[in-house]
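Next up: the structures, one after another.
Shared between the two complexes below is chain A, which has chain B as its partner in the first and chain C in the second.
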Partner chain A sequence: MNYVDRANPILGSSVNRIDGPKKVSGRAVYTSDHDFPGLLYAVPVPSTVAGGTITSLDTSAAEAMTGVRAILHHGNIGKLYRVTDPARARVDEKRPPFADDEIRYYGQYVAAVVADTFEQATAAARAVKVTYAARSFNVSPSLESNELRVESQRGDVDGAFSDAPVKLDETYVTPAETHVAMELHATVAVHEGGAFTLYETTQAVVNHQHVAAEMLGEPKENVRVISRFLGSGFGSKLWPWPHCFIAAMAAKQLGRPVKLVLSRKMNFMAAGHRPLTQQRMRLAATTDGKLVSLSQDYLTHTSLLDDYKENCGEATPFMYSTPNLRVRSALVRRNVGTPTSMRGPGAIPGLFALESAMDELAIKLNMDPVQLRLQNEPKVDESTGLPFSSRHLTECLTEGAKRFGWNHRNAGIGAMTRDGMTLGWGVAGCSWIALRFPTEATVELRADGTVRAVCATQDIGTGTYTVIAQLISDVTGLPLDRIEVVLGDTDLPPGPISGGSATTASVINAMRQAVRQAMEAVLTLAAKAPNSPLLHRDPKSLAFVNGAIRAGADDTAPLPFQRVIEMAGGASVSGQGKSEGGFDDPLKKKYSLHSFGAHFAEVTWQPEIARLRVSRIVTVMDGGRVINQKTARNQIEGSLVMGVGMALFEETLYDQRNGAPINSNFADYVVATHADTPQMDVTFLDHPDLVFNEIGARGLGEIGLAGIAAAITGAIHHATGIRIRRLPARIEDLIST
Partner chain B sequence: MNAPARTTLTPDFYVTVGIKVNGQLHTLSIDPRTSLLDALREQLHLTGTKKGCDHGQCGACTVHVNGRRINSCLALAAVHDGDEVTTIEGIGQPDHLHPLQAAFVEHDGFQCGYCTSGQIMSAVALLQEPCGPRDDDVRELMSGNICRCGAYKNIVAAIQQVRQNRRT
Partner chain C sequence: MQLFQVHRAGSIADALKNGAIDSHDGTHTSVRFLAGGTTLVDLMKLDVETPQRVIDITRLPLDRIEDADDGGLKIGATARNADLARHPRVLRDYSVLSEALLAGASAQLRNMATTGGNLLQRTRCLYFRDTAMACNKRRPGSGCDAIGGYNRNLAILGTSEHCIATNPSDMNVALMALDAIIHVQGPTGRRSIPIADFFVLPGSTPERETVIQSGDLITYVTLPPPQKNARAIYLKLRDRASYEFALASAAVIMTRNGDTIDTVQIAMGGIGTRPWRSKAAEDKLKGQKPDAALFRTAAETFLDGAAPQSGNAFKVELAKRCLVHALTTTADMT
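Let's turn to the complex of A and B:
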């Protein structure tokens, strides 16, 4: 069978999102938009202590209130189970809701009110009286541990450090951060005929189904999970949270659909956060700037019961060449809700520390920070000895420097000015793993001339609907308006999580296999259908070109594929595809699989009024082949905007008096707004990673946030002489001079 | 599913309000605690308007009341008796988009789409407001609408394209 590339390839183009018109007209249906007859509303009651035991839970006043149908708590929620198969069913907060009377963090749910309306449930939730025997708790942001465990090691890191002529020994802190996806976490649970349908704000319908089945004690086929549109997640919606099972149990007990939408405040308490990290970096180099020792000892906080680890050493072992390296880590328990993956988990705080340390080392060496990175570029992944599948960090740095105008940099502190403002310029490298997960897909060619591609993955805003349509269009030659993509439903063939920047790379091979199989089936049908003009032809002599079947290169009257299906009396012809992957991807035994990039940041500083702005960012990405220029660019630019927040604004603060995440709203947890948007110039290098998949695409959802905070704090140092080692950079840090 | 009616409030808890939404008059008997946002979403099932904070801090719930943009989560429905409300559903449909909606698609002025209704409602209002010509002017007037995906650059480009077309 032949495939014909069209004159204007759809892959790598800038087509609009196929779901765009729905999203801009309010017609895209998100979880909390679902409505059913008899719908009830659930509102959780969060604890108001960070440690202790519930001594009484008085629901009498709340129960007497109008519209209240039930108040669920430890005594009556019914049996919920713990997950026993974490490889298939991942959940970060493993304790089922209301499992005991112990309180381990502020905001832990102690009850939930179900009522006829949201207003009634909200009022009644406030009327539930809970008393606690409070215990001491710890939410200190200062971490200590004597139990460092080695993660990666080569050479003699301590010996090389002590002998080296140029050294750096500094500790970098990134605060607890909260994802604050615009869409509040929500569940709409329907229990009917003994089975659950759960409309969930999830980045992973398949995982959610496994977790829900285990925790609810149901066979998997009794739990269907649906997420058609997700108002973003950034990791906070990767794994289920306790509220999901409160809603499910309420729906089951009451025999009515139940909607539970967390408040913004609850989102800060019991729906995950990026944990605080504290990283001691020791770098040593020769006087001409060859790294000889790199040590990273890092601590991260986690909750009392769960071992979520922020893997800050993810990129350290392979980022730069050094014969001596060691990464060690330890978890420190705090009375906080369980942390979880947040965009670029591990590598993003890790690269803030590593890239900041590289910048500081360059200053000690009196060397250009770009040059320091260039001359410590490794030839292979020195942690494993494996070759990189595709690594172009050097080109990212040199291309970025050129686009930014880095050669005009005067390295002196505060030496550059523009329009009466002091300028600061900073640079950082970045990296993120190339991941792909096992994926199955089905593609149908239908008698109405359309194609339907389905998979139980989901589009969380990254553009998965559109990218899949482009992949199908590329193979079939059909226009996007004849391609329907259906995702976000566990009734579909199992698909990947929308996490780890893995979705695109995961679906590529499965989707293309599936559509090719469907096309081959149509060709076979063309040679078999009784009325077909191609009856008895060898299917191998036929070609599927732009949606029609050609008997040869000079066939002037190709047969539309839908005619063949029609002639055979069928509704559709389908094909299946399957692709490999996972954290134990066999490809990882042969190659070091990562994306790379470089950021150049400019800040403006007005010391007279202590006003700091990020004015300009130039970013160059080496993320393999880009399938959609528009959605890819949007991912990177969006990450840069988030990076401005990470560098300057974002920090979840725990009240030391009561343990509450105290700035639990958009006025006090500050994220970048329109007015904070810098000028951005994003370039994609075009180096398809054909080791990784047949298109050569890697993921782009997270890497843009890696390194950017270090580029910005490097620029702040250049402008002000102040080195920010504890994020975010605060105005009070800058006016201390 | 045979379920009882949604509202089982005692009659003395009801407030009757008449609100014209997207040109159509709705007479609602509502709990006086109901925000305009919740009335639109939970009673009128106009779910294009989103809840992102319920505190007037994020802008996802932006609608027009008598032609001006407001955060509908900060407004009690009961005080809008007789008012005219426009929601995203009243601005355009998928096959008949308002120029701003079309510009948002063209410029990819969103990712997840959750803040998008609010961004567009703010932007439609901005077209009539005294806003300077520069991108920075638009950024200032749009800063009440948070986009956590960070599609700000594209949102401003979409707004500026429509403003440009209106001037010429």
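Let's turn to the complex of A and C:
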């Protein structure tokens, strides 16, 4: 098993997506594309109050409407159960749909109409008359709590702060944000022969299966979950939402397949959001810029029933060196739908606060903000004392500064101009956890000369199909067009969630182990198959090179592997792989596992028309070894564009008088468009993290969004003199009369 | 969406005949003409528009853009925004209209949206578009949830205690500056309405947005002959760089006489309950030598009487900067 041809290494190259042609030709079947004979359509009825009790639910008019088959609600949905095994079956909104007649947030489903067509169901859903005994509710964006709990602590943070010569004490706010993935949330539920097949917009088929089995009260083998393609999720599709079980129960009750697609408006109600965060940062330093105290007290909102917490202190304890540090937090309840993970949960709002505070501290110190970060670089993870598996933040900062031209910076407010516009430059560091989850995979070498790799993970648009094919190609030497990758189906060996930027790192070892086992099996077969020219050879003397079996380095007529399978009369030979990981990954006891990076942002500012645009971003990433330049760059560039939205546009607003998430459409929930896309220069340092896996790759799906908003608001300050501590930075914050 | 009938009109007479079948039912006109559908279908899906009968006018011969006898331009009501924006005469003689059209919506929407439809475009006020909310425009007498609610993108000029909804169109702002004339055929015959008289203020009847009556069909829009040596600009300010309704926009058409401003027409969008024109502001400029102080004075005059809401006070200053910049740019080009 040696002398593999490495002349054209497929790992680390720029490879087109193997599913690209399917996607651009419309052959990729997404969840809501699924259609079945007799399919019915379900449309939920969201509550129009944010707190209260349902006093009456009159479905008579709706029931009489054309095409209506059923109206499900509290009285007739049937038995739904609560999840009892949250470690295996995670769901953020734990209350089953219609579980009681209490309303706890605006948009909570109170009923669902099932009809022959989507239009009939929609019209009838509007005809369901619901009356409420309304109660007071709270959706205030101003958070307060006296119950801060310590998350991380070292030294004497208060003493060091009060004694220090240079201090900063500021509060930073990030708003509620909604994921607004292009593909709407959808379930197509089929109930046949006592078993469910659920086509779901999910980033985690295996978890979804566990949750659905528990909530529906079914044995796990009676629930199959399928998600072949996802029009992105950004975390909103990691954990199941109530509509999934409404669709499943409707399919079961009516004995017909049921499709339920949420509207964009409902996307803002019961499908998760990033919660509002309010973070008080206290930093203290010596006059020469050595951090001596770092304190983060943060509050985040959550729903009335669930304890989802935005973990804003994720990166704070290890980002910079300081002897005294404390992170404390508290949850504050609001009448809102349950929040959930959104791209880089916790670290992204947290790093907005930390990196903004570092920028402000640098100004107080009259120091270059790059220099301040460089000189507070820690040698180890000071929160645990563990070494970093691989950390190159310093190189990110210095390389980024070089590529950006940071040494041409004039630090004066509004001091730099170009083409009549004021320029602003800002910088921020960033970090994201390196995670991997337990994974099983099967790889088959087939008699038709192809390879089939399968795993119940899923490709949520990040390129997992392609990356797995590259991993298999690298080991077998076979070209990508002979490799088939099948994902997104719980009938396959259990795979990881597509979350936490963990998918690639999770599948590496299992996939490669599986394909190697299959290759070994072919070699064994070559020495055993009756007609094999290699009969009775020692399998250890044989090698699998570029899809063929060689009897030695000088074998001029290697035997294609499919010939061996054919001669043995088989259809395929398979191997299994299994790798470990998880939130309790044993590796975490030995190493601090994180990716790092640095962003440099330039804004243009035209005060005469109050126009601010992000013109240029230079990003340097330390995310381990890159497997595919294209998919990796795509993740970082996509994150940067999302970061422009986070810095300047995105904010879910709740109407204080009725509790509704009010800007629930794409005209009023403003995201960055193509025209807002700055010039982007993304560099990968490509230092392999071989502690983490045999390729040395870490995930890149989220880190690009970390820190970028702080780099942009730092640039805004440089251009305008205005410090944005509450995102997004709106025109009204920048216009001064 | 409610059930409705569709009638495909074969001629203008056929459209008018069918359009006149039903009359005003007090809150909604139950007949709607359908062209591009970019507003109507959208609002029908939301149950905001609930016509019982929809008359498809896309087959009518109203999509032409042609020279008018007086040297102006005659634009068919169903001419698409995309075609109008790229029409050679529009590009040459009415560039402000082209710029305004291209600043609006997206390429896909402009391919569908029509001239007549754009004139009748409904507001993007959130409370108008949500049947769970109070809106006097949608349901007269129900109240206005936008007042005291999310009203950042709503009007600061021409509002009333009943309605603060903005006219969202970019095209209408340019047509307002160009003194367009709207030609209508209806049950009472043919009328030609100067655009200055076309849009009405909400007052206590915000459900009425124009002088169009039930059964009226917009057939053409005409533009007067272009002014010689005129310079024009459409400047649109918004949060992001494209595909967003204006927070403030300005259409300016200016001619010079030596060192001084000879004629000037100014209309603004994003700030009024209708596309806004201020003769008083124009009078401040005529015959004057252009300079920054003069432009600021004109902008102050234009925004005279602005009554901002809880969430849009910044638009007063933003609109002034928008107009000053549009005037400055136009004057520099002259």
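The working rule: the second predicted complex is superposed on the first by the 734 of 737 C-alpha atoms of A that agree within 3 Å, B and C clash if a C-alpha of one lies under 4 Å from a C-alpha of the other, contacts with A are read in each partner's own complex, and residues count from 1 in each chain.
By definition in this document, a residue touches a chain if its C-beta (ideal position, glycine included) is under 8 Å from a C-beta of that chain, and two chains touch if they have at least 3 such contacts.
Just so it is clear, the structure is predicted and the values come from calculations on it, not from any experiment.
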item: Touching partner for A:R17 - first (chain B), second (chain C), both, neither; value: first
item: Which of chain B and chain C A:R27 touches, first, second, both or neither; value: first
item: Chain touching more of chain A, residue-wise (chain B, chain C); value: B
item: First, second, both or neither for A:G231, with chain B first and chain C second; value: first
item: A:L648 touches, of chain B and chain C: first, second, both or neither?; value: second
item: Touched partner set for A:R657, first chain B, second chain C, both or neither; value: second
item: First, second, both or neither for A:R613, with chain B first and chain C second; value: second
item: Contacts of A:A667 with chain B and chain C, given as first, second, both or neither; value: both
item: Shared chain A surface residues [contacts with chain B and with chain C]; value: 119, 122-123, 665, 667, 672-675
item: Residues of chain C that touch chain A when the two form their complex; value: 1-3, 45, 47, 124, 126, 129-133, 145, 148-150, 153, 235, 237, 239-245, 247, 313-314, 317-318, 321-322, 324-325
item: Residues on chain A engaged by chain C in the complex (per definition of touch); value: 48, 119, 122-123, 126, 608-611, 613, 648-649, 653, 655, 657-658, 660, 662-663, 665, 667-668, 670, 672-676, 730-732, 735, 737
item: Complex contacts: residues of chain A adjacent to chain B; value: 16-17, 19-30, 32-33, 35-39, 66-67, 116-120, 122-123, 179-184, 192, 229-232, 234, 256-257, 261, 263-264, 460-463, 630-631, 633-635, 637-642, 665-667, 671-675, 677, 680
item: Contact footprint of chain A on chain B as seen in their complex; value: 1, 3-4, 6-10, 13, 31, 33-34, 38, 41-42, 45-55, 57-58, 60, 87-89, 91-95, 97, 101-102, 104-106, 108-117, 120, 136, 138-140, 142-143, 145-156
